[in-house]
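The same subunit A turns up in both complexes below, where it pairs with subunit B and then with subunit C.
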Partner chain A sequence: MMKKKHFERRHLVELLMKTIMRIALIIVASSLGLILWTIISRGLPSLTWDMVTQIPKGGYYMGKEGGILNAIIGSIYLASGGTLIAIILSLPIALYLQAYAQDSKWGDYVRLSLDVLWGIPSIVYGAFGFALMIMLGMRASLLAGIIALALVELPIMTRAMDEVIRRMPKDLEHAALALGSTKFEVAVRVVTRQMLPGIITGVLLAFGRGIGDVASVLFTAGYTDRIPTSLMNPTASLPLAVFFQLGSPYPEVRERGYAAALILTIIVLFVSFASRWLASRLSKYSVK
Partner chain B sequence: MLRVTRYKEKIMDAHIQVKNLNAYYGKQLALKDINIEIPKNQITVIMGPSGCGKTTLLKTFNRFFELTENTQLTGEVLVDGENIYNKDIDVTEVRKIVGLLAQRPSPLPMSIYDNVAYGMHIHHMRKNREEYKDGVKHYLEIAGLWEEVQNRLNEPATSLSIGQQQRLCLARGLAVEPEIILGDEPTSALDPISSQHIESRLLDLKKQYTTIIVTHTLRQAKRLADYVIFMYLGELIEAGPAKEVFSNPKHERTKQYLEGLF
Partner chain C sequence: MNQTLSKISEDIKSHRTKQDLFASRTFFVLTVFPVLLIVIITVALYLRAQPILSEYALTDLLYGEIWKPNQGLFGFRPFILGTIWVTAVGVILSVPACILVSIYLAEYAHARTRTIAKPILDLLAAIPPVVYGVWGLLSIVPFVDDVLAPLSKGRLDSIPILSVTQPTGFGILAGGIVLAVMIAPLIISVTFEVLSTVSNDLRHASLGVGATQWQTIRNIVIPQTLPGIIAAVVLGASRALGETIAVLMVVGNVPKIPTSIFDTAYPLPALIANNYGEMMSIPLYDAALLGAALVLLVVILIFNILSTLVLQRMLRRK
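The block that comes next holds the complex of A and B.
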């Protein structure tokens, strides 16, 4: 009586759906594997010690010698600077949305405009930054690149933080209010503490987007073989290093492009593992 | 028809006075023309069946009612003669004076020590670290938790049992030096022994604090109450000294409730 009826329609549907889901999962997982394998297999042979410790010799487009330290340092500067500015602006916005504009019309408008900003292609931010630079009479520089990246990262970071902070348990907020906290004190002393792991994830997401973005830094930060020594210097970046080197007529330089992509991937992986570790340390006091 | 007997007799030393209080959730009237005085340094128990408005009434005392969206309030709530709904009243000061012990303990996302120190910090109530330390110890002792936690003050508050957490919340609430303690069914989430802990703390504290407890257990009401308020369908049916109300309820509804008829 309770034996499985194999040919019943419901069971067939379930089997079919499960198979579709599994196939989708396999496609995604194997493409990730394929990407990593391509980068590693083609990049690793060229990934010498020189690559990460020296600046290019003979130009980034033609040079077969030296390294891409300029792009590594440049990318770290650009992404860190952009992320820092984005944090300074995002956290207050996200906390404001939680504390004062929770489910109001105004809050909805702010969220909508952030979503629109998120959807804008980064080349548009690059063009905007470029126009701004011309207006101010600036040259392509680290500072301009940082500002353009901050604009790219801002909506991602704010919305990620907002989604996290929205899940703040009401009880906890009320407990703090019951002690006579102002909404600001609740936001800074309680919400940020409780939601720190999630906030860090939001920052990381934006950092990852920032360090990998080509279009916004193309015009604003420019490209150079030198390591920037001031905010006003033009600055190289890893994604552009990959782009230029892969476009080179020399196969050796193209191989170096894969090595640059590998370095970029390693940096992103390192940052994401480090922040995971940090988040788990910091969530010690979070209320589950 | 409900016949409402208002408690007319003036209380000698009223800490809270409620005047013509109406509360609405949207268009629904949750409290109908409440007039009551709550005696100082006694335990007042608000009782009544679910949905009678007892928690809503409690929430109007520390201005928590307005945290629910789309609510409206008319009338006055006076604490020491001052209407806490006046425009020039600082709501954080109201909540400092009127503390709340919630239904479920919700420790703040910090250590045991910081949970108690939090309120003192935001109100700048101590001068230096030593004073904060003494304050934390003092209030943990009052809440009867010091012995259990003195060696683990830096652990997360969530590592405590639910019963201990509720005593921590009591210590945390007392640390901001309130004059009134509200308890919204403060033992309903706890096991019997932990409930007993909390109840005995509340009895110890009633000499110094005006305490108002909402409960739906009649036994607890009888154990704790000096003064009783009985509510039904958003109206105040009867109020008076516990002995009188329990032994000789004036109103038919109260009598039925005490007999367990609904």
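The block that comes next holds the complex of A and C.
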């Protein structure tokens, strides 16, 4: 009799824990829904065609005509530039970790530092960029913003690529080496092609992170109503456009801040879906 | 004829080996960059913070309670405590749910549930901080004001850390809720990875002697992976420590030492972000703010290095 009671109790616990876990999962999943619903329902009413096609006109920040094209273009410039620099550094580092430093102590150190860099908050990168700018006598500019974003994106991209390249089928690599290829040839001609879908996912992941980042560009890129024409111009960015407009005493301007947040969300979601789609599209060219 | 052919092939070969050697060296030099970057960032911030560190004792800066830069008073204590409060509330709200979700995904869920959950977590991680801030401003601040504060009033008010101290929804609780959602994807994905290092033989052995799944999890899986789970939580906490804009938008930004979760707070990252414009006009102000960034960096570096070392060791075991 005692035994039976014990038996029932632990099964009750099992059921209870399972239910609690399901509820936890539902809470986490529905928070995404809540966020998206809030942004869409508050952003959509004030989203107009003007917002995405015009730069701010006189009195825009008092609720008059204009748009935030300057911030959209600025963000695309900043994130593209940052991503480009990050690729130039990331791809060789990720290839080196797999091709030359497999299971080496140095590889461990590099991975450790990349993980640590990944954890450094973007406000610290921003402050670092600012400290460098004072030392070099530079002013807030597109270039400084691009460099700060490249630093933010570098560890994200490299670790993503590293994780992907690690999953490279060893047979393929060995086959190429057995035919007399050098490690470099294997890295460039076999690994990058076989792992292209994953590499692209890593690049787009970093781009998405870059375009939404505020704290690093706050100090380094500045803000302006014009679209930058040179690397030395200050540059507006979409996240900052959201932030500044929300701080406005004019309700119309705040409303447009919500719309700007919606635009940013759409861009980020688009990048996220595009990377998924591209990865599955391109994976059919890989050797299975 | 034969000789020239073999000479050509020798040339090609040596060209290719040279290319390989050159590439391996160039790539190696690039790998030095991330390692060096950590040092460079720390040194650069230290150099810029040097003026204030030589003017005041470190303990005066860290324990000082008054922040009046134009009178030369730089007390970081309210900001440090504000950071700790917001982070603690965020972590406490987030961790139980996150660990339960990871256990569910790793141990119970069907493959189909996992394929649905993964993109949801990816999207949560992809949403920019400023969008979290807008969400906090539009949903969480009113929620704290209209629902949570009245709930506490008259019932839990006697407990000091739950007493409603000010009439707006802005404050530590709102910041903590936003942070809890922001750090969830990170904690869940790392914990999930850690849980999947436990070998199925162990699970089967436990289930085979008649244990329920939850008993197996509690007695086998969790004890085995506890260091990794703690590392995941520490990673989440360090992410919360440095989160700037989303917290800044909902936390109130009043430099006062908080005593309740309904108090406003002014965390360090918000201090840095809010004052970058004027910091060049007051003496030592820029040094103080970059010093704040240095404090933040050092704490986060310690957290990150420890947890990454634990995780590197655990995840290798696979």
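Quick notes on this one:
Just so it is clear, the second predicted complex is superposed on the first by the 266 of 288 C-alpha atoms of A that agree within 3 Å, B and C clash if a C-alpha of one lies under 4 Å from a C-alpha of the other, contacts with A are read in each partner's own complex, and residues count from 1 in each chain.
As a convention for this text, a residue touches a chain if its C-beta (ideal position, glycine included) is under 8 Å from a C-beta of that chain, and two chains touch if they have at least 3 such contacts.
In this text the structure is predicted, and so the values were computed from the model without any measurement.
By the touch criterion defined above, A:K284 lies against subunit B but remains apart from subunit C after alignment on the C-alpha atoms of chain A.
Once the two complexes are overlaid on the shared chain, A:A274 sits clear of subunit B and of subunit C alike. The larger set of touched subunit A residues comes from C, when the choice is between subunit B and subunit C. In the superposed pair of complexes, A:L12 makes contact with neither subunit B nor subunit C. With both structures placed on the common chain, the touch criterion links A:L44 to neither subunit B nor subunit C.
With both structures placed on the common chain, the touch criterion links A:L117 to subunit C but leaves subunit B unconnected.
Contacts of A:L154 after superposition on the shared chain: subunit C is touched, whereas subunit B is not.
In the superposed model, A:G257 makes contact with subunit C only, not with subunit B. Within the superposed three-chain model, A:A127 lies in touch with subunit C and out of touch with subunit B [touch as defined at top].
Of the two partner chains placed by superposition, A:M232 touches none, neither subunit B nor subunit C.
Judged by the document's definition of touching, subunit A residues 182, 185 lie at the interface with subunit B and also at the interface with subunit C.
Against subunit C, in their complex, subunit A makes its touches with residues 10-11, 13-14, 17-18, 20-22, 24-25, 27-29, 31-32, 34-35, 38-39, 42, 89, 92-93, 95-97, 100-101, 106, 108-117, 119-128, 130-132, 134-135, 151, 154-155, 158, 182-185, 187, 205, 208-209, 211-215, 218-219, 239, 242-243, 246, 257-258, 261, 264-265, 268-269, 271-272, 276. Interface of subunit C with subunit A (complex): residues 16-17, 19-20, 23-24, 26-28, 30-31, 33-35, 37-38, 41, 44-45, 47-48, 96-98, 100-101, 103-105, 108, 113, 117, 119-124, 126-135, 137-139, 181, 184, 188, 212-215, 235, 238-239, 241-245, 249, 269, 272-273, 276, 286, 289-290, 293, 296-297, 300-301, 303-305, 308-309, 311-312. Residues of subunit A touching subunit B in their complex: 103, 169, 171-172, 174-182, 185, 189-190, 193-194, 284-288. Put simply, subunit B touches subunit A in their complex at residues 62, 64, 67, 69, 92-96, 99-100, 102, 104, 106-111, 118-119, 122-123, 156-158, 169, 172-173, 176.
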